[in-house]
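My questions all concern the structure below.
Naming follows writing order (A, B and C), and every chain is counted from residue 1.
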Amino acid sequence: MSSRSAALTVAGRLTSFRTDGFPLIPTSILGALLFLAVFANVVAPHDPEVGILGERFRPPVWQQGGSEKFLLGSDHLGRDVLSRLIFGARVSIVVGFTAVLVAGVLGTVLGILSGYLGGWVDQVIMRVTDTWLALPALTFAIFLAAVVGPSEMNIVIILGAVYWTRYARVIRGEVLSLKERDFVRLAIVAGCSKRTIMKRHILPNVLNSAIVLGTLMLGVVVVTEAALSFLGVGVPPPKPAWGLMLADGKKGMMAGYWWLTVLPGCCIMLMVLSANLLGDWLRVKLDPQLRQL
Amino acid sequence: MSAPPLLELRNLSTHYVSARGTRVVRAVDEVSLTLEAGSTLGIVGESGSGKSTLALTILRLLPPAARITSGEILFDGEDLRAKSDVEMRRIRGKRIAMILQDPMASLNPLFTIGDQVAEPVRVHEGTGRAGAWSRAKELLKAVRISAPESRVGEYPHQMSGGMRQRIVGAIAISCSPRLLIADEPTTSLDLTIQAQYLNLLRDLQRQHELALIFITHNLGIVAKMCDQVAVMYAGRLVEWGPVTRIFDAPAHPYTQALLGSIPRMGDGRERLTAIEGQPPDLAAPPSGCAFHPRCPQAMAHCHEEAPPETALAPRHTVRCWLSVPNPVQPAPVR
Amino acid sequence: MKQYIAKRAGFAAISLVLLSITIFLLVRLSGDPTVLLVEPGASQADIEAIRLQFGLDRPIWVQYGHFVSSLVRGDLGHSFYYRTPVLELYLSRLPSSLLLASAAMVFSLLIGIPTGIIAAVRVNRWWDSAGKVFALLGLSLPSFWVGLLLILFFSVYLGWLPSSGSGTAAHLLMPAFALGWYFAAAHMRLTRSSMLDVLGSEYVKLARLKGLPEALVIGKHAFKNALIPVLTLAGINLVIMVNVAVVVETVFAWPGIGRLLYEGIAFRDFPVVQATVILNGGMVVIVSLLVDILYAVIDPRIRLAR
């Protein structure tokens, strides 16, 4: 990172994105999922939450017994799998992005305060961070879900509450080294207030790391949401979340209704894999210091 | 002078090549020199001048990005470049040993001193556990470590820096090698321990008829220890010859500058920054003679062509246009 | 070493206290804790009795004191569903959980360490790239989906392995694989990077200078040093596995702690959920402490420090 304003560096790095193995496929997949999420109402052929009981467990169209009405088959309530997958993308994207954003904003702000102010502020924030980190994320999320009850909104809050610590740790470390840099010292000498320095000089310079971390966290958050929904403490039914579909699909698995298990999992995998690949690439590109992460 | 030299390097070059082959760094470039059995050579130069790479080239232990691109390494009359990996392995530690710069980091923290000292003996001479262990004690005694009986069972972190350096020395001489290369062996030691260590190395040299190569940037050590000195600049050997000759009458401007920068005894102030300018970037070296941007006697021709190796005496060579018999017009550029 | 252990134990104690405060406060701050602590469908009189029993009308520090003293006495409440003390339930499920986690750990180390070493020794070659793909897949596939796919393939189509339950080695196979998969990738990554660090060290250079065969350089000098961070991580991961196993145990109906937690949620049995989280969190803290001590035993620099 240069010592100039990092907002410029981000822009500069973004323009040189063409070069050096830009992960085109992962980005396209994420883009496609985003498109499906936004236009789910238009794209999906059926209502994802209403089924036809006479058309239960229809296999995908290419298998015997499949019909063109249900391209990817239907589930135990006769609901269209394709439509549920499309609306499921909306749930995953909305929950995933907002949770990452909540965790990111909370963690970055606390990380900057902790690193820049030091002293007791740092002590308090870091002790809480350490204890939070000692709690295994999934167990902690399940506990919180049990306390506040399941809803889409609560899932976002829970995931934000569980994962902010990872940002706080990394951002704090970065702020500690930024504090020693000339441009920050210069700002102190020039008489800038702490608030101004944190906002104008520190924040833009940790943004790279926050973006990289956020992309990598997207995968983690999506998997955790799916796991919570799978266990019945995530997105409440009949909403079409991928994790919930897997839980439902398990019921038909022993009878060989493979599409109810394989397809939602494929969607989760595609999204997580894409986010991880993009994150890895961004990490190398934007923030060489994070390579060891 | 009639016996063949122990080590002879002929036009040896080692280049680092970047992953895509786009950048080439000539870390060692056309180096030629000879070393007799039992004598001592000092290799001096700034950091990054290729000294350490030269040492690793002789032992063929270069990092993967480096390649020996040309030349010969004749050791005891055999070309080491033609040896297989297994043959080279049998030479390392047995016939050629090396002491690394950092005694703190050269010993493995998880194994006992005895284990590490005895290792070369066990591998090269097939000595059993008990035999190697008693040999380790003898070696520790030879490098003047007190109470070797108990020290063999201890771990590196329990030793002082000076002791660790002597242990590294014990490892080096464990198989009675013919040649010992020491890479800045004393930089991390304080002055008294430095002197003790140098004396120890000299005693070992006498007892074992070792040839020594000292890699250092301390000309004081060269003056004290060495018979010959080789001065490296930007991967090239700019001057090579007997210490007495070169210290009395250095032929290359870089050697002259180096000698001018030695802090003298009783000279109150230390004058360490005698040479102006930055060391060259080896990935993009200056044209012609690499030293010309910093050379006080640079001529127009120095920009254009690298000087050839010129023999001033049978065992004294220099690479400088000033020493070429027919100098091109001596027009100073600065 | 005694001083080192005392210091670590002190940190662990602080973590435990903070953990209890966190759990306690989260339950109180979420609203009316009686809703959670009272059996679903309890009468108003029962609710009042619980209020009195937990002192929920008293100041919050009194309540915390009450909470901690019950914890110390080992009283973690009674399960609404099983009608037994939660601690008993937890302890009865622990062996199953540990068995599954150990099997998954053995699997993850058997895969992770050798592939990590090969990737480091052959860095940037074909093996290394293959390892990177493996690591990426391992870290991206949710364990419960891997579990479901395994059941679909090995139980439903091939009929080779039982799809759920426990008791035989065949029952253990699929859950251990599903659970260990992610960790195999994590252990491979760490082995690779730690091995690369060690291979660049001066003592490995000296080992080569001694003329040791490459097998001895890697197998003796590099391996033991590179293993320390991996084993540290593995020790902590064993507990993490007990925790993450909740989804895998649910998939395979494996009677461990994860399954207990799942039942706690499914049957709205809050004392079970709370106790499991506290005990799991405590276990992480204690095992981290044990790993630190073990680390000290392996590494003479700490073992012999006075």
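Basically, a contact is a pair of C-beta atoms (placed from the backbone, for glycine too) under 8 Å apart; a residue touches a chain by one contact, two chains touch by 3 or more.
Only a predicted model underlies this, so the values are computations on that prediction, with no experimental measurement involved.
Trainee: Among the chains, which one keeps its Cα centre farthest from the Cα centre of chain A?
Mentor: B
Trainee: Can you identify which chains form the pair with the largest number of contacting C-beta pairs?
Mentor: Here the largest contact count links A-C.
Trainee: From the mean C-alpha coordinate of chain A to that of chain C, what's the distance rounded to whole Å?
Mentor: Spacing between the chain centres: roughly 23 Å.
Trainee: In angstrom, rounded to a whole number, how far apart do the mean CA points of chain A and chain B lie?
Mentor: 55
Trainee: Nearest whole angstrom, what separates the Cα centre of chain B from the Cα centre of chain C?
Mentor: 52
Trainee: Within the complex, which stretch of chain C touches chain B?
Mentor: Interface residues on the chain C side: 124, 201-203, 205-213, 216, 220-221, 224-225, 298-301, 304.
Trainee: With touch defined as at the start, can you tell me which chain C residues reach chain A in the complex?
Mentor: 14-15, 18-19, 22-23, 26-27, 30, 36, 136-137, 139-142, 144-145, 148-149, 151-152, 155-157, 163, 193, 239-240, 243-244, 246-247, 250-251, 261-262, 264-266, 270, 273-274, 276-277, 280-281, 284-285, 288
Trainee: Per the contact definition, I'd like the list of chain B residues that touch chain C in the complex.
Mentor: Residue positions touching the partner: 19, 59, 61, 89-94, 97-98, 100-102, 105-111, 119-120, 123-124, 155, 157-158, 168, 171.
Trainee: Can you check the complex and tell me which residues of chain A touch chain C?
Mentor: On the chain A side, the touching residues are 127-128, 130-132, 134-136, 138-140, 142-148, 219, 223, 226-227, 230-233, 246, 249-250, 253-254, 256, 258, 261-262, 265, 268-269, 272-273, 276-277, 280, 292.
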